[in-house]
Amino acid sequence: MVTRKLAAVLGVFALVLAACGTGTTSQAPDGSAGSTDCTVAVSWNNFQQPRWAAADEPNIKGAVESAGGTYISADADLSSEQQLTDVSNLIGQGADVLILLAQDQNAVLPALQEAKDSGIPVIAYDRLIEDPDILYITFNNIGVGEAQAAAVLEEVPSGNYVLIKGDPGDPNASTFLPQGWDDAGLKEKVDSGEITILNGPEAGSGEWPADYGTYTDAWDTQTAQENMEAIIDAANADNQTIDAILAENDSTALGVVAALEAKNYGFPPLSGQDGDPANLNNVALGKQFVDVWKNANELGKAAGQAAIQLCEGTAMEDVAIDIDSSVAPLDGNSPTDFETPGGNTVKSLILQPTPLTAEDLDVVINAGWYATKDDICAGVTDADPGFEDCQ
Amino acid sequence: MTMTADATKGRTPLVEMRDIRVSYGGVHAVAGVSIDLYPGEIVGLVGGNGAGKSTLMKVLSGAVVADSGEIECHGEPAHIGNPRDAKAYGIETIYQNLALADNLDAPANVFLGREVTLGVGSLDDSAMENATREVMGRLNPNFRNFKSAVMSLSGGQRQSVAIARAVQFNARILIMDEPTAALGPAETAQVRNLVRQLKEEGLGIFLISHDIHDVYDLSDRISVMYHGRIVDTVRKEDVDTDSVLGMIILGKRPGEVTREELEALH
Amino acid sequence: MANVADTAPASGQSRAAAGLARVRGLLGATEVDVRLFGMLVALGVILLAFNILTEGRFFRPANMVTLAVQAIPVAILATGMVLVIVSRNIDLSVGSLTGIIAMTYAMLMTDWLPNVLGMGVDFPMRWLIALVLGICLGAAFGAVQGFIIAYIGVPSFVVTLGGLLSIRGAIWYFSNGAAVTGLDPTFQLIGGGARGSIGEMLTWAIGGIGCLAVIAGLWNGRRQRRRFGFPVRPIWAEITLGVLGCAAMLGLAAFANGNYLPPGLASEYAREHGITEPSGGLKVPAGFPLPIILLIGVTVVMAWIATRRRFGRYVYAYGGNPDAAELAGINTRLTILKTFVVMGILAALSAAVVSARLNGATLDIGNSYELYVIAAAVVGGTSFAGGIGTIPGAVLGAFVMQALSYGLSFMGVNSPGQNVVAGIVLILAVAFDTWNRRRAAR
């Protein structure tokens, strides 16, 4: 009897521990270059995705610690509620400045308010938060979309397109990337009839871009695979060929490739984003056409540097970052105004993405990205487009 | 036909329990009980709530392990650590709540834990159904529902299944805990006939019941328990229902009860 | 056995009620499991509805094969979940377990076997070694959880919830969260796909075996009853069931053979067999995909265990009345432990199909599977009260849920819409079940 109760208590205790968000803390090593007592807190929305641990975090941490600051963080594990708790905890741990990767741009507003009430400057990292007081540091997400569509449209200027979008709650998926696609000319071509969207209503009969394309909950690869398989079946049933596929990111693109392989469909030009190792490998193998890489190393550096400056009292518009010039904002190294879809004007540092096709793989191989040459070139033979860059 | 005291002398009891003790955290459910059972006899076990009758029988059926005491079966020391051990000694139990798996049919319940298998170890449902039909034919010829889950049977039919399970495996000792409590008059009469029939076949039966008249009618001997002890074990012909009632309620033998206490009972 | 004469209407009763009673009488004569039959009807209705909505584009062999293959990972797990739920437990860790084993397969084949153990990238039987290790891993996880539940007595909800969280967290450490791709080509066949079908001849063979099995089952059943003089089904019922069953088996085979190899592979086939391709391409029947064969095997074995083995009987007995099982001398703890070990093994099989289909593994494989698997079992007739549920029902339940999901995708309805529909179907199925059981109990 006693053993049972004890076991149950231990079980619940372990459960509670596991359920608490993961967090890391670090202390600046003694004798470091800078000296500041800034505590920089980062609220991740989904630390599980490889890029954050491999690229963003080390660089934020590096920038913070080399200035002598302290880095603390928490992971919301895709839960908006958890993120509210995380931000509270981080503030409670003495955060001086908050870098916030919003899980849901609306649900995060109370957390934002709490930070503002505590006098803590907030950097919206990678994902937009609709609020006039934040510093928005991100890649040019619209530019990413534009680069994706531009590369694919050049290959396939007319024909049947399939649009695979990401999580419907993410403004990148619903607004910014489709806007970029339109900037590259997608809407024009759809209106003129040169391009037909297979997974959407008849041209003109639905709302653009909302009704066109298939969303993928949580950007999940398997969901994208199943959706794509159904789309291929529907296209075959209508005797229509799929000429090109715009996938908004790499995890969905991976599912698309799996679906194409299962149906032995061949590989129409396909886009992606993030520079995930498996996808870069697919680019080398000819299964994915373009992967718009965002050198998150530099984004992390920028955020870390900006965080320290904000903490030390620098005004937002006077922040100055120092990063790789190929990635640096077109408008210069200090924040400029950005009009959000919600009508706010925010200070922003918008970094430049780097589109990669099979011929450009040497750029990423040489850039110290967490995808190594072995990852990118696995199984590549001389029949594959990435062969040359893999030598 | 009842057994006289002389007829039991010199015969080996089917079961002899000596000085059995069971306590749960300081409460003495069974506090040193000795009881025995001979072939072809019915021993009625009576007592108020919490007297310890069910617990004592659970020790015999293997559902409960006694803290101390000895059990002998057919004259040999017996170790009963779980229900399987009890069944190995030929002890079968019909529990008050019948202990049937409601979602399974009658054959499955009769053979539960003792299934008949084919060569490869698969269940031989047909053989089990056949055996169940046979045994049920003796107990309750009107029973027809061999394929439905027992949950859909009447109280009396469920009782038949429980009894069939008990007699199917050549029981020598049968424990019946309140067998007629949930039954109507017709079914009660059926069960009583069955009990007499089994007694004729030479089984020994422990019968727990709160119905004094039932016990008096069927039993050869009656053991009365009170607060975990045996007040007395008497032959039916030596007592009347009043004195039995007195033992149950007051915990005293007939000779020890005062006239005032006896009048207070009525 | 219902006597048809008993269902003749009394004067004044409506014709509809009489008709219904007669149908019930006929159904009773065939002794078909009404619940299962109802599920088949429901599946048929859903497929028909989608076919009408898409003007006939939906119900084609190629599409149905896609649908079936998509349903398999959940269906495999659902067969095991039936036993777990029947014995009054729950396993919330199946999704995470599938995920970690899938990642294990990926790491074994892309990294550990070649690099750590020195087996070359083209080492034959890599896939088999990975599969065996995966099954052992699944069984081990299941045994640990089962032990804590059965022998230490911690409720299964708590233990498997802990498993869900901790295992999902552990997957991250395998590859730091990155997707791992590039599995052994033989392993990939487990996922079906263009090359992973068994071809025309074998498909007909399986259809034929299925037909023979139906007939043999009916004949054997009749023989067993005769042996003891039990009442047998009327001859017309036996023949009808035989014909329908056989037709179903051969029909499925024919339908699978209506799915043709894609043009590229058909040309390859033509070259290999020295056939000149007609214009329009050679139509080479692909037949049953390998994962379907796996599912058939798993379903047959699990159903056999549930109904014809002592272990299965004890699972149902425990679910019906745990005390009765204990008093009958059944080793209930071992029985419960085994249900979780079986679940672990099935997770390894499900993970094989999933990772083979993806040609790799991601962090999120199996996310929320536990919900779909439980839904499939429940829609298929398994009750949380314990003691009630069938294996074929759960498999059908998985197919019903996937038919909805696939059909909606086919029509272009987005995932939020799909989830809404899935939730409604689950509630309707359980409500119908409960209503039906109450009616039967009266």
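Order of writing sets the chain letters: A, B and C. Residues in each chain are counted from 1.
We adopt the following convention: contacts are C-beta pairs under 8 Å (C-beta built on N, C-alpha and C of every residue); 3 or more make two chains touch, one makes a residue touch a chain.
Only a predicted model underlies this, so the values are computations on that prediction, with no experimental measurement involved.
Trainee: Which chains lie in contact with each of subunit A and subunit C?
Mentor: none
Trainee: Would you identify the chain whose C-alpha centroid lies closest to the centroid of all protein C-alpha atoms displayed?
Mentor: Central chain: C.
Trainee: Report the inter-chain centroid distance for subunit A and subunit C in whole angstrom, where each centroid is the mean of the CA atoms.
Mentor: 36
Trainee: In whole angstrom, how far does the Cα centroid of subunit B sit from the Cα centroid of subunit C?
Mentor: 47
Trainee: Quick check: how many Å separate the C-alpha centres of subunit A and subunit B?
Mentor: Centres of subunit A and subunit B (C-alpha means) sit 73 Å apart.
Trainee: Which residue numbers or ranges of subunit B touch two or more of the other chains?
Mentor: Residues of subunit B touching two or more partner chains: there are none.
Trainee: Can you list the subunit C residues touching subunit A in their complex?
Mentor: Where subunit C meets subunit A, its residues are 54, 57-58, 60, 62-63, 66, 69-70, 110, 148, 152-155, 158-159, 161-162, 165-166, 169, 172, 175-182, 191-195, 261-262, 264-265, 354, 357-360, 362-365, 367, 405-406, 409-412, 414-416.
Trainee: Touching residues of subunit A toward subunit C in the complex: what are they?
Mentor: Residue positions touching the partner: 3-4, 7-8, 11-12, 14-15, 18-19, 22, 48-50, 53-54, 168, 199-201, 214-218, 220-223, 225-227, 229-231, 233-234, 236-238, 251, 254-255, 258, 261-266, 276-279, 281-282, 378-379.
Trainee: What does subunit C use to touch subunit B in their complex?
Mentor: 224-225, 227-228, 230, 304, 307-310, 313, 316-317, 319-321, 323-330, 387-388, 440-441
Trainee: Within the complex, which stretch of subunit B touches subunit C?
Mentor: My answer: residues 61, 63, 82-84, 87, 93, 95, 99-104, 108-109, 112-115, 117, 121-123, 126-127, 129-130, 133, 151-152.
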